[in-house]
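As structure tokens, here come the structures.
Each of the next two complexes has subunit A plus one other chain: subunit B in the first, subunit C in the second.
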Partner chain A sequence: MSTIQVDKTIDARGMACPGPLMNLIGAIRQGQVGQVFEVLSSDEGSKTDIPAWVAKAKHELVEFVQDSGYAHFIVRKAR
Partner chain B sequence: MEEQERPLSLVLFSGTDDKLTAASVLAVGAAAMGRPVNIFLQYYALDAFRAGRLHEDHKLSPEATGEQAPIVRAHPGQHWSDLLHQAKDVGEVDIQACALSMDMFHLKREDLDGLVDGIEGVAAFIASAAEGQVVFI
Partner chain C sequence: MAAEVVILGGGVGGTIVANLVAKETHRRAHVTLVDATGIHVYQPGFLYVAIGLEQPAALQRPESQLLRPDVSLVVDRATRVDPAARRVLLESGRTLRYDQLVVATGSRTVLEEVPGALGAHDFYTMAGATRLYKALQEFERGTIVIGVAGIPYKCPPAPVEFAFLLDDYLRARGIREKTQVKLLSPLNRAFTIEATSKLVQPILAERGIELTGFFNVESVDPVAKTVTSMEGETVEYDLLVLVPPHRGQMVIETSRLGDERGWVPVDKNTLKHTEFEHVWAIGDATNIPISKSGSVAHYEATIAAAEIVAEVKGESPPAHVYDGKVMCFLETGQGQATTIRFDYTHPPVSPKPARRWHWAKAVFNKTYWHTVPQGRLP
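Here is the complex of A and B:
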């Protein structure tokens, strides 16, 4: 993984769809523009849902990394 | 999400926990993606929204086999009522009780959980569905 400064990590591993996405939405709503959020998710649905929501809500998916058994999503709040 | 999206309108007829959960997942997803969601509660689904009874065991649909039922019950997803609270929190979600079903089961507004926003007739529901899809569950 690259060395992006993460402001908040959301460990949603073990949560069922759409839990990880909903936790990300909640964190982004409370955060400041420019802040970077990391979501850890073992839910397969997150791989399609998080990029779809980030694009729709006009934030930025900075990085996606598949680890063993779970994925990291790095999202910057853009507005 | 600035432009107005077409609403997604769900008619909830079945009152079993599996169908209520599946419907609530659709609702929270649509709400998160910026679509207004209208939910119309009829028959057995309306009964599941009675005050103080949301967390009762509402059983599973008849299509759940003896082998599947314990798997569904053991799945650690969120309760459907929590998903609906999240849907209302992130988006525009309006939950209305069908006036006919209210009458059928002799229910009054105060008999329903606070998740329910009001009571309406079918024409009002169809009007709010407008150009969006209507899904019957």
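Here is the complex of A and C:
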């Protein structure tokens, strides 16, 4: 695992609705520019949804790690 | 001496816990439910009020009529919880001591957090839904935009359902061809759940409802009549309907029982507060990243009630914990609906939209008063 300092972790494993990306969007909306968010998701769709939204909203996907049964996404609020 | 069980909030979750704990403990617990208004509101009906299909009066009943006679109802506002002293302070100055506390205070909407949005319409309060219906009745032509201005929000399917019911309404009034309906979705599809989106998107296209993805409303310019997203896009409107941002109740924030948005941190299975003993939270009030909906509050309430009953009786905790069960209806318009069911370990499934699901929802809405608050449905 990385040594990046995470400001907030969203453990969305097993959560299909409202879904890991929705929770990330909510957290970024409330967060400050520069803050780092970690999302844990077991939802397969997150692997495409989260990077696609991060790119569209012009934030930064700092890291993606596939663990057993779930994925970690580390996202920095860039603007 | 009877255990003092105090429940904050007379919505679906709080009412079920109160009735079940009183029933199962046979006077070994004294159950008190605190509610700020004493009026129980069936919030899923707001959607129908907004479109003129339901009357506000049909969605409200005195809480006292829904509680067992052995539950004490206190109509007052909880202003502070002191978990160390196990006390709740009320607005009237009264103090309630508790052995077990259930926080079922729901959520509140804070449209004022979105710059420029205060004049926008919503269907998340009775006042909002009533005002929206009035505006729709006066609407003749133009662009109606439906957007989401904060996450999490109650009832994830609601914006899509509203789009479909609005389409029906406009057709019935004969002004559909003069009206553009735009649905701005926070995700790159119509709905959070992919399987449900696949069912819903072709119907949106068929009805001429324009879907814009990855549009999380950030601000509104009420003079230019435009709405701008976190992603940097701007859309024009004539009538704007927003899902407002939600927060936990003030009492959670002032008592530091929750996180920075007022959501109470609980174990996702036992629903017990992660920090304070003898405190449970259920329904919208929790920080569990799952649907904020009546069905979640309902299922969680039965679990929290069973745990409290075991504690009052000095028995070991029940083996059955909250498994993340959610069951929602989703209206697809023209008299049809689908359902969405899932839990922590089973992915969502939705049947093909059909008339029978629309009728099932209609029957549930009408029979709610006689079944759910009393804990008669498992």
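Here, the second predicted complex is superposed on the first by the 77 of 79 C-alpha atoms of A that agree within 3 Å, B and C clash if a C-alpha of one lies under 4 Å from a C-alpha of the other, contacts with A are read in each partner's own complex, and residues count from 1 in each chain.
Assume a contact is a pair of C-beta atoms (placed from the backbone, for glycine too) under 8 Å apart; a residue touches a chain by one contact, two chains touch by 3 or more.
Keep in mind that what you see is a predicted model, and the values were worked out from it rather than measured.
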Exercise for review: May I ask you to decide whether A:57 touches subunit B, subunit C, both, or neither, giving the answer as first, second, both or neither?
Suggested key: both
Exercise for review: Considering only the touch criterion stated at the top, classify A:34 as touching first (subunit B), second (subunit C), both, or neither.
Suggested key: neither
Practice item. Using the superposition on chain A described above, determine whether A:49 touches subunit B (first), subunit C (second), both, or neither. Key: both
Exercise for review: Tell me which of subunit B and subunit C touches more residues of subunit A.
Suggested key: C
Check your understanding: In the superposed arrangement, does A:25 touch subunit B (first), subunit C (second), both or neither?
Key -> both
Practice item. Determine, under the contact definition given at the top, whether A:14 touches first (subunit B), second (subunit C), both, or neither. Key: both
Review point. Considering each complex separately, which residues of subunit A are in contact with subunit B in the first and with subunit C in the second?
Key: 14, 16-19, 21-22, 25-26, 29, 49, 52-53, 56-58
Exercise for review: Report the residues of subunit B in contact with subunit A in the complex, numbered from low to high.
Suggested key: 1, 25, 28-29, 32-34, 75-78, 86, 89-90
Point to revise | subunit A residues within the subunit B interface of the complex | key: 14, 16-19, 21-22, 25-26, 29, 49, 52-53, 56-58
**Study point:** List of subunit A residues in touch with subunit C within their complex
**Key:** 10-12, 14-23, 25-26, 28-30, 45, 49, 52-53, 56-58
Review point. Which of the residues in subunit C come into contact with subunit A in the complex?
Key: 150-152, 156, 186-188, 192-194, 214, 216, 218, 230-232, 260-261, 289-291, 324, 326, 340, 342, 344-345, 347-348
